[in-house]
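Each of the next two complexes has chain A plus one more chain, namely chain B in the first and chain C in the second.
Our next item is the complex of A and B:
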């Protein structure tokens, strides 16, 4: 316990205590967990003098380390899932993850589509499942403290294998629900999409307002050659949650990959995306629509890494900031010497609705190849007064006129992410946006 | 009836309307003509409720009620409608969504029931057909990618749909081809009624051959400097504004 002495904050000390208490009972390779935790003990929680966390001072924001959530019994888990109604109606294969543990009784694990194989992470770790070799495909992530803490504490999640050639029509919906007193959860999900397969993954995250939960979720996607992978994430954590999340997407050749993150919830969010273009002629799109108000803080940080040639990356982020809230967008696109003919476009736009709001945009390009087309842009402004006047002159009251303009501003991300033919999915994704706008009044 | 009394308006210290007086009776179509920059669009914006002007003096009365303290949406509910000289493009907002939001907002504010979707669609389609607006356009984002003439027609479609009592048309004829001009004029004429008031701003006598005005007013330097009957427009077409500009300068 000598290490504990060097920590500066109660949360850091608490994390160390939590680890020493939990380590013996956590499944899988104990040495790997110790290595991951050492990454945290080396630096403590990241703070504003750490460049990548400049705008999100996790050390200051995290007052204490909540206790690790325990696994609920079937009945309690089913009750928690039944209480989470917002995304219950999505037509999908459901996998419920309650308080960091898969709730099999509330999941459709027995009725998986052809070509889909799912094992719980806890079981996979306990038995040393061969698919776990696909974890950690993007090694840079291991150096990230949020990811490292997840590696140290991960309790459960799922390991998904989509077999070569399988065209999975029905989306897989990971329903994350946290119930009860303030607690910490750490889930890890792996989706290995084999050659030529296609799949849609939806994640929804919910917990009650007013409870300071501390989720830390990691999703790792490995998309082999010629796959099509769509990932839609809705972060509707409660307004007191401190939510860390990491997506890694390791993309082979001729892949079509799309991810969208919709954020309405937590007090503090840090969503990190690591996307590596490892094979040629792949397209990868990362999009986000973030709505924050009050004293909320939402940070999206991207690490896009082009290694293979002839790939196209698109990043589109929309942020709406009300009250005294803060938005952060950090996007780094690195293009290696080997990644000739890369076509990368990154755009972050924010609308400030109040005097007290802040947006920090930090786009970065790091290009070592000479034949590439890369562009980035960032805008931050108010709603257009002339457009508002036009709408109001037609009898639409100001709040509704603002909502119309904001809905179209944010909705562009949904339009781009979901094809026109998929009306139901669009409506599912627009619903949290509309709910947020109408709550604004 | 619409009355504008001694309206004095500045923007960034520059005087644009300078004691303007005008009244238009119920059932009357008043044409406003005047040189570029004389303040015609400013007048229309002030009546519709655009901010960012300093109104130093004067009143705008609808049936005796001063509307200058109301926001644009409240004025629309009272029946004010401005067909913009330059209609705005609103990306991402489908024309149908916009029309429905506007119509229902007005109805709600007046204590009327909201229209059902089929009823609404029927009304829009009927108005679109009369104005020869292809239905496909209604599915696009409002005014985005519309031609100049299409945008103007879309303004008149809105007017037909909302049935406002005080209609201001700011150079609706500019950008319209000859056939479109007739279609739009027919649309306007169909709305003429004893309890509706029109203010038609134009540079050309041609429009006034289709929409025959009851009165014609000449604006120069932020004021109405001459009023008359429809023959005044013919006279202006022949002689231009030289007289009025000179008169001001004198």
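Our next item is the complex of A and C:
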């Protein structure tokens, strides 16, 4: 308990107390959890003097540490899932994760497509499942405090193995729901996609408005050679939530990887993506559409690391800011000496709709190879007056005209992420965008 | 796409082993005792014959400095500097200040001659169009040894002298403006500079005056084991205009020498200041031995409405460069510009860029930066563009390209773009695709392919700025102008 003394805030002290209380009951290697927690005790919660967190002062934002959510019984979990209706209709293999624990009764674990194996993380940790060796494929993430806190507290999640050559048609839908009093959750999901396989993963996150939940979720994807992996994430946490999330993607050779993150919900959100190009001729796309209003704060931070040659990375981020909200985009493309012929393009565009909004962009390049093409761009401004005038001159009232322009601005990310043939999926993803725009009125 | 051969050749021509200004002038020097303490500061202040308030100002800065920590955020690495192992004052021995050039030590004149800097007015006049004349303030280690054309400038009302002289002769101006742009405790090196600055230039352009000639200061570090701490203050009063150039060189030595300058510019209503730098301090040898540590704070304050400050820099020298010439766009409708070419060779490390801080309404800024790294050097662009709540209608365009030659160097870009105003429009581009479609079309219509057309337009743009540097100052700059950034990595 000596460590507690050096913390400065109630949340830091609360986290330390929570860890000492929970550590004995958490599954898996206790020493590994202690090491991860030590990373946090070394520095405390990150604040604006820490360069990577310059624009998101977590120490100031996190007033107190919510207690770790307990596992609900089958009935309560089923009720919580039934209450979360927004993404219930997606045609997919469902895996429900309620309050940080897999709810088997509300999941389709018994009817998995051919080539897909799923184990719960708590079980895998308890029995030392061999697939866990694939966790932590991107060592840089371990130094990140949000990731380290997840490693210390992770309660459950799933371990997915897509067998070599399996072409999984139906998407796997991870439904994260948090119910009840304000609580903290920490889930970890691993998806190991073996050689030549293809799969689509969907994540949806929901909780009620007005409850200060503190989810901290990590998804780790390891894509072996010649795989195709699509990942779609919808962050519709309630408006009082403080949501931290990390995606790591470790990509082999000739992989086609795609991820999209749609954000409408939480009071504060930080989504971190660590993507490493470890094999040649791989393409990776990271996209995001973020809508914030009121006093919301949304931060997207990317670390794109090109190690292998002949890879292509595309990053496209759109942010719409209303009210007194703040948008943050930090993206770093690093190109190692070995990554010749890299083609990287990163773009972040933001539209500020109100007097009180703030956008902070930091698109960074770090290049050590001399035969590469890397470009980044960042723009920030208001809606184009000419375009608005054009629509209004045709009798469209201003709010509608604005909504139309914003829909097409944000929709570009969805259009690029989901092919035209998949109309249903496009509509599923456009729905939260349209809902946000119409709520804006 | 790798760099084109022509570019490689041109960068090779200014490689660290090609440094031409590495000679040393042997002079009898007068130095302050080694190290830094209050007595040394009193010594400097007494040497400069400064009034009491200036000494107090310095001592206060020194006390602040003692509480500060050396910054470590820049992407540069070097062994810890022992600030007590330096001479903070070194000046050629003279019985009294030279009244005319004839009294200046001929060895010093010879040194400037070797550098190609004309200090004799008649020499400048001979065979040169009068409008191309340049007034020069020559700073040798810790003192200004000569300032030319003072009389003629005085007739126009322009004050151009060393800062030590300004402290004595124009205390009201110095008191009003000194440290009003870069506060004493702005950062570690600026505070150190405030405590120990020895010389530099002072310029005041009265209202409505267009300075009749280019002004320039030529900085030379000569003595070993010294640091140079110069302070430059330029004030352009309402509706005035001035173009100012600085050049810097140093002898070739195995030790590292420290150069920590502070430059402050103040532009009042409708005034314009053009500040150009050709930085060619000794860069160290190809193994990274020796060279100048160039830790400089440069900032311009567009204090008045519709004022303009333009920074142009050609950076080829110094072992380490840590420098961010910035503009505070306070006046409504003011404009800030930053044009930079930074070439690193050998084991040089450059971390440079700019800050454009939009405070006033309808302020505009433009940043064009080209970084070229070769050898085993590291070249970082670090820049901030920010719009505050009240900066309605602010506009920024940033274009930074970098180019690597060889696979042992690094090029990095770290831009910060912060907007707190919905009507502010910021564009940051690291590609050349945003060049005017019309210009591109015009060139391509005449048979240039797209790449050639882009190169022509980009280079033409920078050339336009750099051509304003006088030849004698910028032989290197002229060579660099034509460097193509074909194969730019963004």
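Keep in mind that, in the parts below, the second predicted complex is superposed on the first by the 441 of 441 C-alpha atoms of A that agree within 3 Å, B and C clash if a C-alpha of one lies under 4 Å from a C-alpha of the other, contacts with A are read in each partner's own complex, and residues count from 1 in each chain.
Rule of thumb we're sticking to: a contact is a pair of C-beta atoms (placed from the backbone, for glycine too) under 8 Å apart; a residue touches a chain by one contact, two chains touch by 3 or more.
This is a predicted model, so every value here is computed, not measured.
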**Study point:** Partner chain in contact with A:246 - chain B first, chain C second, else both or neither
**Key:** neither
Point to revise | Which superposed partner A:120 touches (first chain B, second chain C, both, neither) | key: neither
Practice item. Name the chain, either chain B or chain C, that contacts more residues of chain A. Key: C
Check your understanding: Counting only touches as set out at the top, which of chain B and chain C does A:367 meet: first, second, both, neither?
Key -> second
Exercise for review: Figure out whether A:380 sits in contact with chain B (first) or chain C (second), or with both, or with neither.
Suggested key: second
Practice item. Determine, under the contact definition given at the top, whether A:396 touches first (chain B), second (chain C), both, or neither. Key: first
Check your understanding: Who does A:354 touch here: chain B (first), chain C (second), both, or neither?
Key -> second
Review point. Can you list the residues of chain A that touch chain B in one structure and chain C in the other?
Key: none
**Study point:** chain B contact footprint on chain A (complex, rising order)
**Key:** 385-387, 389-398, 400-401, 404-405, 407-409, 411-412, 415
Exercise for review: Mind listing the chain C positions that touch chain A in their complex?
Suggested key: 1-3, 73, 389, 402, 404-431, 433, 487, 489-490
Point to revise | Partner chain A, residues of chain B touching it in the complex | key: 48-52, 71-73, 75-77, 80-82, 84, 87-88, 90-93, 97-98, 101-103, 105-106, 109, 141, 158, 162
Check your understanding: Within the complex, which stretch of chain A touches chain C?
Key -> 51, 337, 340, 344, 350, 352-355, 357-382
